Amino acid sequence: MLKLADARQLIAAAEAKAAEIGQPMNIAVVDAGGNLIAHVRMDGAWIGSIDISINKAFTSRAFDITTRDLGSNSQPGQQFFGIHASNGGRIMVFAGGIPLRQNGEVVGAIGVSGGSGEQDHAVAEAGAAAL
Amino acid sequence: MLKLADARQLIAAAEAKAAEIGQPMNIAVVDAGGNLIAHVRMDGAWIGSIDISINKAFTSRAFDITTRDLGSNSQPGQQFFGIHASNGGRIMVFAGGIPLRQNGEVVGAIGVSGGSGEQDHAVAEAGAAAL
Amino acid sequence: MLKLADARQLIAAAEAKAAEIGQPMNIAVVDAGGNLIAHVRMDGAWIGSIDISINKAFTSRAFDITTRDLGSNSQPGQQFFGIHASNGGRIMVFAGGIPLRQNGEVVGAIGVSGGSGEQDHAVAEAGAAAL
Amino acid sequence: MLKLADARQLIAAAEAKAAEIGQPMNIAVVDAGGNLIAHVRMDGAWIGSIDISINKAFTSRAFDITTRDLGSNSQPGQQFFGIHASNGGRIMVFAGGIPLRQNGEVVGAIGVSGGSGEQDHAVAEAGAAAL
């Protein structure tokens, strides 16, 4: 079970990566139930990304998939096109959400928003690696 | 009129198919009014698919069509593009929802979510066939 | 961790109680994350109670309390008056939701709706006792 | 202008108070725009209180008032009764939210949820005092 101390460790690693690439980010961590454990908005990060970071984390746990991969499957003509309208608008279909695994099981997810899709994904990866 | 006993029979058939293909699913059945009769989430199935299974069933009854077919009509450039924004976010435009017919009349619908579009549709079909 | 088989056992016990008192009910079970595992609407039960049963279960897990007790604390002038407006309208402040405990820990909740508050609570209790 | 470092300082002080009274809490800090800077859910705190802590902070900044005082004004028969239905369900009318002032100006707010109204308010006060 993911604890607040774990979430903080992941967020610290993600923040360090965001600082390294010079792009302030919103970073959120959810537990196995998809419920928020912790969120931070770095100084100067977009306010529109508060919701997105939290919901990227939710989405990655909701389907045990990165939001980047879900995004590929959710383009027009693809098998999950329209999934972004489900779950009360909480499904994010662009990069920045990554499931967190321990001993092969998904125990939560991290969501990052504040830059390009590539940047968000890189920062989320740095966070996930700290677990 | 679809009864709880019918819904359970459909769900059991759908579960058997899901077990056969090795993919845990959310399965929901709605009545002629589009209202939920029963829902199950098989152990290990995605939590993001709870809402989707219920709303695929709702959608299939709402328009008396499979969500796979509705999806084809709802791609960019097609006649129903944008329909996923209607009905308060309850319209699902990807495979897994199938209307239930008795004596030529739609009496409800089944919705399945938890795998690929093809898997979801196959499991829903197995459920519908049990009516 | 609550499984689908557990949820079905609880629902069966709740249904038996509902049949005994002669009032058809909606019955829902959620897991430790507040996410729906299973729902049934007994034949003839109110369609307005679908949402209520699911959200009574959610509420009981969200605050580890029966919705009857939360209701007492949420009347005008009481400390939680207004809590029903939180969590996107998912908080139910009247009887019928009961947390499920195993070895002293809350592992989920059951929610029942379809009759008087007293009836709903009695049916939920019968369900919870089957764990 | 409130920074992430400030929010963390407030949260640390609030956490210390929550630990002292032995009640795990959700703690959130918003800026002058009412937008979330940071949130933590202490281990064991209610998942229903995630939304409430964030929205108590939002409410306290939205009206530059503690949610305890707003609550007194929002009881049946009082001048603001019904305000909890505004702002898309984000207005919390029970104790736990406190505006943050610097040089006489409101620069944000703190919101706490996880215990009784009295406990939530005490923890929020401990947080606010750390500014």
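Which chain is which? They are A, B, C and D, in the order written, and residues in each are numbered from 1.
Note that in this section a contact is a pair of C-beta atoms (placed from the backbone, for glycine too) under 8 Å apart; a residue touches a chain by one contact, two chains touch by 3 or more.
The chain list, named the UniProt way, goes like this: A, B, C, D = Heme-binding protein.
Remember, predicted model here, so these are calculated numbers, not experimental data.
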item: Angular offset of subunit B (Heme-binding protein) relative to subunit C (Heme-binding protein) [C-alpha, multiple of 5 degrees]; value: 180
item: Interface numbering overlap (same over half, different under half) for subunit C (Heme-binding protein) and subunit D (Heme-binding protein); value: different
item: Whole-Å separation of chain centres (CA-atom averages), subunit B (Heme-binding protein) against subunit C (Heme-binding protein); value: 25
item: Subunit B (Heme-binding protein)-subunit D (Heme-binding protein) separation of Cα centroids, rounded to whole Å; value: 41
item: Centre distance in Å when subunit A (Heme-binding protein) and subunit B (Heme-binding protein) are each reduced to the mean of their C-alpha atoms; value: 28
item: Interface hub residues of subunit A (Heme-binding protein), defined as touching at least two other chains; value: 33-35, 88
item: Chain contact topology (line, ring, star, complete or other); value: other
item: Contact set on subunit B (Heme-binding protein) toward subunit C (Heme-binding protein) in their complex; value: 3-4, 7-8, 33, 35-43, 47, 50
item: Residues of subunit A (Heme-binding protein) that touch subunit B (Heme-binding protein) when the two form their complex; value: 33-34, 59, 61-64, 76-77, 79-83, 85-89, 91
item: Partner subunit C (Heme-binding protein), residues of subunit D (Heme-binding protein) touching it in the complex; value: 46-49, 51-52, 55, 71, 74-76, 84-85, 89, 91-95, 116-118
item: Residue numbers on subunit C (Heme-binding protein) that touch subunit A (Heme-binding protein), as the complex places them; value: 31-35, 88
